[in-house]
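This is the structure I have questions about; it appears just below.
We just call them A, B, C and D in the order they show up, numbering each chain from 1.
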Amino acid sequence: MIKHLIGLGVLLAVGIAYPAIFPNNLTIAISVLLFAGWATSWDLLGGWNGQVSLGHASFVGLGAYFVAIGQSQFGLAPWWTMAMAAAFAAVLGYFWGQLTFSLRGPYFSLSTIAVAEILRLVAINEEWLTGGATGVFIATLPEPFGIDLFSRTAQFYMALAFAAMVIAIVIAISRGRFGYQLRAVREDEDSAMASGIDPTATKLKAFMLSAALTSIGGGIYGIVLAFIEPHVIFALLLSVQIALTAIIGGRGTIWGPAVGALVLVGAGEMFRTTFAEANMLIYGILILVVVLFLPRGIVGELARRHIRRLYAKRAQG
Amino acid sequence: MPNVLRADGITVKFGGVTAVNNVSLSLGSGEILGLIGPNGAGKTTLFNAVTGFAPMHSGRITLLDKDITTLPAFKRTRLGFGRTFQTERPFEELTVLENVLVAAFLTAGRRSEAERLAMGVLEQVGLADRAHQPALDLNLARRRRLELAKALAVKPKVIFLDEIMAGLNPPALREMIAFVRSLSAQGLAVLMVEHIMEAIIELSDHVIVLASGEKIAEGTPHQVTSDERVIEAYLGTD
Amino acid sequence: MAGLDILLQNVANGVLMGGVYALIGIGLTLVFGVMRTINFAHGDFVVLGMYSAVLFNALLGWDPYLSLLLAMPIGFFAGVVVERFILSRVVDAPPESALLATLGISLIIGNAILLTFGGEPRSVQVSYASSTFSIAGVNVSMVLLLAGIATVIMIAALYALLNRTEIGRAIRGTAENRLGAELVGIDTRRIHSIVFGLGVMLAVMAGVTLIPLLFATPTNTGAVFTLKAFVVTVLGGLGNVGAAIAGGILLGVVEVLGASYFMSEYREAYGLIAFLLILLFRPEGLFGRTVKRV
Amino acid sequence: MRIAIAAALAATLSVIGAPAQAQVEVGVINSLSGNFAAFGERYRTGLQVALDEINANGGINGQQLTLTIQDDRSEAKSALAAAESFASKGVPLVIGSYASSITGPLAQFLTRQKVPMIVLGSADDSITKPGSPWVFRAKHNSTIVAKTYFDYFDHLKNTKKDVPLETVAMLYGNGAWPTSLAKEGKRLASERGYKVVGDQAYDQGVTDFRPILNRFRGANPDILYIVSYAEDGVAITRQMREVGLNAKVIAIDTSAALPSFVQQVGGSANYVATAVSWSQDVKYPGAQELYERLKAKAGGEPSFYEAEGYLALMVAADALRRADPKSRDSVREALAATDITTPVTTVNFKSADGFQGQNPIRSLILQIQDGKHVTVFPDDLAANPPQHPTPEWSAR
């Protein structure tokens, strides 16, 4: 617990200082933080609760669209629309979960692809709702306390706050009743029921929380892009990337998804500027390497080794 | 003895097959009820039906005069059921302590409180020194005890033990028998499915014998073991 | 055309498209049935087949159907290699590992094609690409029919392999219960390699068969086919090879009728909705064995 | 086929040109990997041809021009990271990118950073409407292209009065470009008295167009106005022939302009019309010679995409020659005052009709005649007259 809080403190300290040290590498840092936040949110459901969703881009899109349309059509400030998006995402997650939580394992994952793809088609085709295929611009934003929300520095701090908030929530949850309920349901639903846990309710709560948090990050992403198109922001590829980030980093660990974001986004950026056309190929090879040599993800594997070492020591002593 | 648990006319069907047919039982606090029968007699099915893990065709279940027939398994747990699984089902990725914490959180609101409760139960079953070991690494006897610890940590009024003696070596078996007796001494109602006759005879206040889903005999351990139908059921069909 | 004629034509087209979808789906369902692995690179193997036909056509001037002779064994071999060196090493890891591995493979295939062939869409022009003939007033596309015939032959061959041969019995045994199969002396690792080889071979074959009709791009097309294959296999029943035909045809008919009589922009959604309904109410698929819901 | 892996690995930051003496560096954000790589390749060829020409002619007032090309992986967030690095590096201007989903965020960001931007490939109206003082586009947009198509239809109607052109059916992908082109098309159709008898959208990745084409066949349109993605025009055309959907005019945007289209569709490609910003046979001085150079560099048949890449860099070089490359303000002003003629088109950025920084380029209509792309419209730039009407499939 203390360790994690120190970790969070380090993240915040480094984060607060970052724009002053690297004022010209903010966009990539924003990507890392957003993916850290999304992957950590995803992990509440996918890692801690064991329900692998491949549809989280829906919530990113939801957040981005709430902010963009709220601003451009109704003049609503992003903090209001982000709160609305989070509430709406939770409601969507509730119904989505009600519909699909009777499915287990790969069937659940496949169903999330289907639901997300249907939502993508709705977002593209229902022009009255989303502005349609041609996308939406965010041309103006309010300036709270004179802060220009279009500046990368302001956006960086928003992304930092988002990632830190999500990680803090996971730290809080991991030690408490809900955190154990999540893991118990992941490990064995019957055994969880024998401990008095309602598996469906637990999964629904996890899905709703995960969805709401993801959509807040989506709202920030909308501001960063300032121009969003439905087929890009609702894309299956984005859903897959979010899941990938968490799994590569280490499912069901507090820092795994964030480490995954750092590694994947960082490596992606490095490969992009170094290998030109071959960059995605190298990226694919990186994924294979992690899967083959760190099957539990980077942090997952480290944590496991740590626990084993600790236990071995105690058994000796 | 006042009834803690009553089950009347329990019938379970899978497709066209009747796995349990019109079986009733009742149990008072501090009482130990043994459920025996040859393989495939429907013991575990009855067990699962009563605890809510298998759907019932008909029947009625009450816990402390409250009708719980239609409640899902986790709600029965919350009202006072604790159970073990025949093949142990620890949460493998969690440590021993965390396994019990999951159950302890049912009644404990705060982490510290839950931890105290869990450690207490682990002491009781003799796993306290293993608290921080991954559950995956336990041997069979310790996995059994972990199952028991999980069942006890929900602070049950009735505890359902599904073949917890099977496969234990003689010293471990003695320990387990003593432990179950201590549970009933604490006032817990115990329903146990068991193949080890030694344990049944020694522990049970009352025994129900199932064969092919039917209750064929009921009484004290002594009565049922001398019942001809029971002998026939064990020797004849199995 | 009268309404009924149009309906018949649409149903016929749906059934024929269904054959195409089934062809794309069988490899996936076979691999899932035996290995319990959802292969996210399946569509990329289909695309690999397409590019192999493009390559043989460009270098040797071969008709795509002729290039099957070379492409299928190569596909089988490639599948065995991928299984041996990658998937076999994650078979006992958490289930998401295999999913991740196939995602990595998908990225590698798509981008290797991109680097080799460039990003331009490719296809092979054959004289019969748009040929049709007419039965009872219903026009039938030659290429679609050929693809349909290929599907039927392939599924019949697979069925025979699974039910009539020693190796088929071993495959079914492994699918049923891997541990049990090992206990009776089946080398399940070898079976996994063979099955994945077959899966890739079927994917490659689908690609070669479809190239006269369709087109391929290195990174886009694969994902589209993978998604279609998922839908087909779930509709029919994941792991049930014969049912892939039923799933394919159901998808084809649902899509074509939806696009013909409702909004065409939601064409992809009709299949997905059918997919969801089947998942929710009959997770074993239309013709699959019952899946334990526990 | 090229074995490009080794080359790509070696091409760490594709810095092209001799870094010897004083030089002017231009940043390019281009889609070299991912879904739009096909276009990225073509744009890069065009940029390189322009670069060679510029440096052979003395560079920027004696200084070498260099290009730094960054891949955007066909996604906005990478493009934005690239833009940030260019903005902080002090490049006088940035050229980029293809898709509107990438170019839109780029334009927003560079405007706020006050970095002049020349649009490379995106043709979406939204990039220059309302636009910004920092964003310039020498190539066409949806409004111009749709208008060119309908001017062409009007032209055909007026030259062959015995062939009535009254009804139009529209088929388009649901991406940003196809949708906006279809929208503008529908507006023009009603404005100019055409009746829209078919209006169907489809999702990218669809491979079976028969249901839609059969629907259209029932409506019997005179004109087919199709806006496809790059890859699916081949399947659309093959299936159009298969179901026997006839029309007097068949226009297919995007895919029919690619050289590979003719190759892959064969004889069925004939008579198909498509709008482009440039063609080798257009009657501009130097067009043929540019074609030869593009072809030599590409190692294959070039298209108007290469020409657009060439155009973007020529515009940049012209502005840089007239400005102080150290001052982005002065580069922006020079760009705004652009007035040049290239073998691709004349460039003269205007602000009119709600657009800003948009070159009112004249789009061309190409028709595939005997397996070749031929410029057939506008009249004064055409190499051949259009072949009209398109015969029925059964008669071909």
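Basically, a contact is a pair of C-beta atoms (placed from the backbone, for glycine too) under 8 Å apart; a residue touches a chain by one contact, two chains touch by 3 or more.
Because the structure is a prediction, the values reported are computed rather than measured.
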| item | value |
| --- | --- |
| Chain closest to the middle [Cα centroid of all protein chains] | A |
| Pair of chains joined by more contacts [C-beta pairs], A-D or A-B | A-D |
| Euclidean distance of C-alpha centroids - chain A vs chain B, Å | 42 |
| Averaged-CA centre spacing for the pair chain D and chain C, given as whole angstrom | 35 |
| Euclidean distance of C-alpha centroids - chain B vs chain C, Å | 49 |
| Set of chain B residues in contact with two or more other chains | none |
| Chain A: positions in contact with at least two other chains | 121, 124-125, 190, 277-278, 280-281 |
| Where chain C touches two or more other chains at once, by residue number | 111-112, 114-115, 219, 223, 227, 265, 268 |
| Pairwise chain contacts under the document criterion | A-B, A-C, A-D, C-D |
| Chain D-touching residues of chain C, taken from the complex the two chains share | 1, 6, 9-10, 13, 17, 20, 55, 58, 111-112, 114-125, 129-132, 139, 141, 213-221, 223-224, 227, 255-257, 259-260, 264-265, 267-268 |
| Chain A-facing residues of chain D, complex | 4-5, 8-9, 11-14, 32-34, 37, 69-73, 75-78, 80-85, 87-88, 100-101, 104-105, 107-109, 112, 124, 126, 174-176, 178-180, 183, 201, 203-204 |
| Interface residues, chain A side, partner chain D - complex | 23-28, 31, 121, 124-125, 132-135, 137, 150-152, 224-229, 231-232, 268-269, 272-281 |
| Chain C partner contacts - residues on chain A that touch it in the complex | 52, 99-100, 102-107, 109-111, 113-115, 117-118, 121-122, 124-125, 190, 236-237, 240, 244, 247-248, 251, 277-278, 280-281, 283-288, 290-292, 295-296 |
| Chain D residues within the chain C interface of the complex | 1-5, 8, 33-41, 174, 200-208, 210-212, 214-215, 218, 230-232, 234-235, 238-239, 241-244, 255, 258, 260, 263-266, 268 |
